[in-house]
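Presented sequentially are two complexes of subunit A, the first with subunit B as partner and the second with subunit C.
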Partner chain A sequence: MSTFSIIGKRIPKPDAIPKATGQIIYGHDVKVPRMLYGKILRSPLPHARILHIDTSRAERLSGVKAVITAKDLPPRRFGYGRDRTPLKGDKVRRCGDEVAAVAAIDEDIAEEALELIRVEYDPLPAVFDPQAALRPDAPLIHEDRESNLFRHQEYVHGEPDRALEEADVVVEDEFDLGYVQPAPLETSFCLAAFDASGKLTVWSTTQIPFLLQKDLSEALGIPGRDIRVIQTAIGGSFGRGLDMYSFEPICVWLARKAGRPVRLAFTRQEEFAVSEARQSMRIWARAGAMRDGRLWVREAKVLLDNGAYVSWGTVTTLVLMETIGSLYRVPHARVVYDSVYTNNPITGAVRGFGNPQGTFVVEVQMDRLAEAIGMDPLEFRLRNANRPFEETPQGIKITTCGLTECLEEAARRIGWSEKRAAPSRRGAIARGVGIAATMNVGGGARIYRSDGCGCIVKVDDFGRVTVLTGATEIGQGSDVVVVQIVAEELGIRPEEITIVNDDTAVTPWDVGVHASRTTFIAGNAALRAARQVKAQILETAEELLGASAAELELRDGYVRIREAPEQRIPFDKVVRARHFRQGGQVIIGHGWYDPHNEMLGPDGKGNISATYGFGAQAVEVEVDVETGKVRPLRVVSAHDVGRAINPMYVEGQIEGGTVMGLGYALSEHLQVHEGRVLNLTPFDYRMPTIMDAPPIETVIIETDDPEGPFGAKGVGEMGTNPTAAAVANAIYNAIGVRINSLPITPEKVLRALKERGS
Partner chain B sequence: MRFFEYYAPKTLDEAIQLLVRHGEGAYPLAGGTDLVTKARYGHLRPRVIVNLKRIPGLNDIAPEEDGGLRLGALVTLAEIARSLLMGERYPLLAQTARKMGSVLIRNLATVGGNLCNAAPSADMAPPLIALGAEAVIVGPRGERRVRLEKFFHGPGQTELRHGELLTAIRLPPPRPRTRGVYLKHIYRQAMDIAIVGVAVLLQFDEQEAIAEDARIVLGAVAPTPLRVPEAESVLIGAPLTEDRRLEAARRAARAARPIDDTYSSAWYRREMVGVLTRRALEHLVSHSPER
Partner chain C sequence: MKYPLTLKVNGETYRLEVKPHRSLLEVLRDELDLTGTNDGCRTGNCGACTVLVDGAPIPSCLMLALDAEGHEITTIEALSAGGELHPLQRAFVQRGAIQCGYCTPGMILSAYALLQENPRPTEAEVRRALVGNLCRCTGYVKIIEAVLAAAEEMASADVGSR
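Let's look at the complex of A and B:
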């Protein structure tokens, strides 16, 4: 629609230049006077009783200002499972568990102090295999629980047992999906300071500033109203910041005990060793179809390894359930899952949040079913694609849905029909193409009591507009999107808008950045606030222009009569006319948007999001059959995003997500042996480099969502979801070998080829 | 990283004296890409760091009278990659340098550092050994020279005694009709350390049909770079048929003594020695594209 002046424009983020020129202030850059450096002593053992902690030598070290153990902290638990204290007093349940902490005048002294702390452990039998953890004789990790099972849930629609018998073909697979790390460039960080009145300010890289207030309050007994969270510029997050971790209350308590501000930042090794990873999952799955091309049934049993403590990440099973239950039309489905405690590293939220795992299962089996009934996998997908304005048996109310267009575009642009029919082979090099789709919540996801976001828009008497939004910016572009929405509504240039999005003392509440929700939810809140401002402007302009509000429009910095645009007044002049007079008013609008979505019931059903995003990725790969090495040559990623408020950042999200998906597919793997992380550096962890990123062609499909701000839906996570499945399918197309465990390393490919005897 | 003393001597003598005086815990610093990383990750705790970069003469690429070349220990990988002299006389080394680290790392990392760090996967070692390079070592008792093949004693261990420095690599004059290739097997396109590295150097006869000399040196499959004479011998003095190439590859794979680690299994490493050796020979014989 060409009637927009700002929506759809490729405008750089407000922080683009400060970031590119190095002027931005990240958490690690922040220094405050009298600041101390905090360090945490961590358990070297995966499971052990703590017999004794002696901190006396550390306390005597010159330069040490505070040493704390569990005894210093209020006996309060925190976390999604209420299963941990910030410092562990009785026993440790994983390698890296927090045992003591120090604050000192510099990092060297803090490190030295840690070495002076003596901890006596009594090792306990540990369990690292989630299946073994469920056995009755397994070591119990949390003594106040009856077993290591955290949650068992079953989801059913239709009659899956009967359907599996009815189906003409049934495929069955076991999937083994390993740990990966979000691995943001900026490691975890916290800076805590109390003022003279005892009020706490925390500088943080959190994704949930308002819930962090609450979490800190619960963990430490400090009233929430005395806690202010300031978010520094965040150097990547990808889900890491969705939970409060132990280091945050520890940092606060060090500051309280030392009576000075304390900064606590992870080393890169700590980041890999103890920050939350994507859940490793073992999934056994069956799927059935009819020979005429109807997808008939799906069944999955999921074993999720939470690690030693449960975080919000355990909710990933809900997302996985949704993918298995509702991606494509499937009349019968069952998902059973056990989420289990082990002595492994803790797991949490990572972009896609269960969806990459679920999509891998669904899309590998879609290919297998198509093959079993002798149908082209694209054709099979198109026949079963979700349609617009259709409710799935799960209770998911799909509104706009461009899945068919996404599949068709991705396939067309990769050259599906020619390449699929004749996968090429030259010497040792085989080529193939694969496709996979994704469905992702695109209108929030109600997993908390509120899924809302607040926004305030104020205008000063020079016409500068300030937007105060609860939406967190983690690099995804929420700042520019909110600015564009307000600019469009008020008919002003984005440069005239200042956005404030980093301070709980200033901005209205928001549940946090997750579920690809920010454009949709914060965008709607901003739109509501801007509409109030617009109404106030129009009210005054009516008097000044002698026309009714219905005849007026805000455009290009003026209020003007739509039919006689030469009759106009500058925006700022209207603002002053309203302000500087007897009984005048300043212009402030506020908006609150909480979507009409539902929390899932105990049966796993309900409309969790106000709308859904769809996408499809087609990948062409090259496989070296002598080394097993897979090289992605090209990716086409087509996404229904409702409307692209800023196409540049939509592309950025999809490209970044795709590369993250390629890492998941091919190279990234947090290697864990007996609870210990083995690869602790970016070097050993093998995230894709820019040299590994193939050309990615992004296709934006606009379906103009009725509920979205200017028609927009969320896109943040979608790029990551289908990639591994598309790559696995392309590998199969190239060499006829299926690898159901991630990452698909050259070694796995070569072994599989040798076993098949090629 | 913990507190350390830092020196930046201007002469070699001074540097050696500093290292001798401070004993264990004193480390020479070249590019720093290994030392600083290890110190930061806590694998090393240097008490004293002696920066060698202010010492003149350690970073030259200098032609020698016999037609060989003296490669200063502090020459960076980037310089090796772009040096015209290297490209002309020892293209194998320029090509190897380009396969290491990333642009940023190559700008810092030095050839001497790569060798002295003595990782079994050090990329510079196999091609330099294949070329017959010699290490020039200077210490409290003066200069000595060691064939690079004898320089490595084990992972992180070299011929260097405390207080000694590797100051240069001496390369013999390039031999006529010689072609070499270094194949490095990694998962990513950059940054990875070699899962397997294979350097092959062949000297052909006048007709370019028969190899008069052959060198095969493997990296990352033994505690030190591994020369494989039993594979080399198959290739010398007879036409380089496919059968001979395969046999050489088989012998190289057999000779490898790889381990399992987080990068790869021993099984896979051995497989890759075979594949890479065969491919290197194919490339040199038939000018087929390098893979």
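Let's look at the complex of A and C:
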């Protein structure tokens, strides 16, 4: 039925071969002449006044080319909360706060220099509990603020108070969701170099190259137009690169002071100790339903621990609000949240961005409500599932929506009815199945003033097409998606396209890779640019073939007459015919796409995305009641992605996202004691290995979104969102205990079993 | 203080002078520009730095460069030396087993060592052989598929050539 020649094909990413052969250049691989190595001295204390910093001995160490402290930097603040300077001058607010930095001719000397810096601190009382941080007598972390409360917000639709009284059943729970980290395999990296005219080039692992220009400019006072950001190949990111963090302006300033390029790369320990984590949240929630199976009301109070500084990650509450307010049809809802400063590690963006937390609350309580009214949890979900082309009370305008199909497929393939009816138990091993759904922005997310992306498509005299896209590639496959879209539109092979996506001096603007937006937004921009190219080709082909553009098509490298395909001219010949003549023109198309979504109003309402992705995950687990160990046996993950431009990488997003979700559910946990991260290696952090990853069956449901490029919607975060809830529900099915705190470790399972008295 | 070191890597012999605490990983990357060997943790936790030492996969971050003298080191760069991809590389590319790619060289070398020993591994054997190689992107599904597919292809090519 499909008439596509390239869309829907399993084509490898253009950088797959260089990655398989070791030729690809990651940040860590880049060397430039005269390059120095930068290192940062960090605070060992969670909250302290800085009395004195003595850098004199470090400065005298041979091989040291620059030492900087806050005094050297312009007194400018940066970050989402405008609450920090790159180096801290007056006081430190978390373990790992940046106090001084050095650049030296090698790493050993840089490290030795750090040891020679003397810092005198006057320790201050610290606060690590977000609840305690809100008390009037709590130590104030930012003295220019009145309290440690960063933001309080309330969202309401319908009449939740009345609805809670009306509901036939109401469930109430407290959730405690711990810290996890994006933990990509490549650690954070920055290389900064000034040229002779004072212009700055930064090689970076950022996800936001164009906003990084702006952020660096704001933090350092360097004009944005003098900053060029080059993205090396990036060894994963998962949200880590969504903000600029202190190490980047520090690296730049070291380069300025030393007058030489400076490279700054985190060690793995540094990465765990100081890079931003997913917000830990405490959530108190109630939900109510009617006996006939109608979901009636939801209410959640959320306490979000920002840590010592606020990043874009604090906006996760908006996503959480959307999940609580709009996943399933819920006529009444209230979300109240406080986001709070503490002396804990800073938190930021991590894949899912508030959605895994929100989905955990919603989907655990969906199960509890179903049980309370005596309905099968799947049936209860289907009954209340969002439907296509309806607006939620929150103002979310759902277009395509395959939630029902996703739930049905995931349930069918896991063997829901049989397994659910008889959770098995053999010896100490109990088995159970659980399900959870997700809704995620799939058509951008307007949290910034522009949600756009630009694209330029040019064709050389030989028919080689170059695509310049603002879209950032972090491994997910935006490169191949953009290539496939352009190839499809121009009727050429993907191999004939070169993609350039790594240099702000060359590529058009994009807000960054986040919110599962790139396929949709960058894809639409590429489609628009390709359409211009196509129009130019057709205009010339009309003359050459003596047929009107409407009768022509681009296919297999030719322009041909649809009804008489033997009458055709090679693509590159048309290009030359247009170029080499009197008044000739070279072919260039450009596209800009900024979706018609809107920023949420102060009441939390609005249509934040141009379309929404839906999915459902069913998980079968095995629980050993003697050891408390939970083993996921199988996951079925069904997703409405609009259209899979490249099913192989759609599956890749789902599979990788699911294992990240399993880590969140069962093992990953940044252990923080009095503000200090204790587990600093992947082993201790318990990052999932190949032994922890169960078979995952991905089901792709195509709903052909009217606004998406060839019908596609975003998918990047959807695999991670529902997993923890599906696992928790499966555990309940297996052993009859609810664990509302993540990760669900063996200790917690055993404790819960003991409390229940089994 | 630097010490002389004769290192055999991918069939070539290098004469170097290195500090005694330098790991094999650092010397491969910094001295020999073999940047296909990636640096992910330097604590033996992630496998991104895997190389073959006399055919056995080891984390090069845990081996002192000076201890590598007298051994044959193989890095990812050797696998496609003739300009043609090794079947494992081809399978990883074609089956979507590569996303960010940071784990890929280590994964492929661990898998290569496995297939040398055990040309027709089961899925469980593939998992056991790759347990020291973390991947944060793929969820491992396509990596397992790729290794099994490459094994199949190599085994049937072997049969064919006999």
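Definition applied: the second predicted complex is superposed on the first by the 757 of 758 C-alpha atoms of A that agree within 3 Å, B and C clash if a C-alpha of one lies under 4 Å from a C-alpha of the other, contacts with A are read in each partner's own complex, and residues count from 1 in each chain.
FYI, a contact is a pair of C-beta atoms (placed from the backbone, for glycine too) under 8 Å apart; a residue touches a chain by one contact, two chains touch by 3 or more.
Please read these numbers as outputs of a predicted model, since none were measured by experiment.
J.: Name the contact category of A:Phe238: first (subunit B only), second (subunit C only), both, or neither.
T.: A:Phe238 contacts subunit C only, not subunit B.
J.: Quick one: is A:Glu626 in contact with subunit B, with subunit C, with both, or with neither? Answer first, second, both or neither.
T.: The first partner, subunit B, only.
J.: Which partner does A:Thr689 contact after superposing on A: first (subunit B), second (subunit C), both, neither?
T.: both
J.: Tell me the contact category for A:Ser43 with respect to subunit B and subunit C: first, second, both or neither.
T.: After superposition on chain A, A:Ser43 lies in contact with neither partner.
J.: Could you figure out whether subunit B or subunit C reaches more residues of subunit A?
T.: When the residues of subunit A touched by each partner are counted, C comes out ahead.
J.: Thinking of the overlay built on chain A, is A:Gln394 touched by subunit B (first), by subunit C (second), by both, or by neither?
T.: A:Gln394: touches no partner chain.
J.: Of the two partner chains, subunit B (first) and subunit C (second), which one does A:Leu678 touch, if any: first, second, both, or neither?
T.: first
J.: Once the shared chain is lined up, is A:Thr745 touching subunit B (first), subunit C (second), both, or neither of them?
T.: Once the two structures are laid over each other on A, A:Thr745 reaches subunit B alone.
J.: When the two structures are overlaid on chain A, which partner does A:Arg10 contact: first (subunit B), second (subunit C), both, or neither?
T.: second
J.: With both complexes overlaid on chain A, does A:Lys19 touch subunit B (first), subunit C (second), both or neither?
T.: In the superposition, A:Lys19 touches subunit C alone.
J.: Residues of subunit A that sit at the subunit B interface in one complex and at the subunit C interface in the other, please.
T.: Dual-contact residues (subunit A): 108, 268, 681, 683, 689, 691.
J.: For the complex, which residues does subunit B have touching subunit A?
T.: Touching subunit A from subunit B are residues 2-3, 37, 41-42, 102, 185, 187-193, 262-265, 268, 271-272, 275, 279, 291.
J.: Using the touch definition from the top, list the residues of subunit A that touch subunit B in their complex.
T.: 108, 111-112, 268-269, 428, 624, 626-627, 629, 666-667, 671, 678-681, 683-684, 686, 688-689, 691-692, 745-747, 750
J.: Give the list of subunit C residues in touch with subunit A in this complex.
T.: 19, 29, 34-43, 45-46, 48, 75-77, 79-80, 85, 89-90, 92-96, 98-105, 108, 127-128, 130-131, 133-144
J.: For the complex, which residues does subunit A have touching subunit C?
T.: 10, 12-13, 15-17, 19-26, 28-29, 108, 183-187, 233-238, 267-268, 474-477, 648-649, 651-652, 654-660, 681-683, 687, 689-691, 693, 695-696, 719
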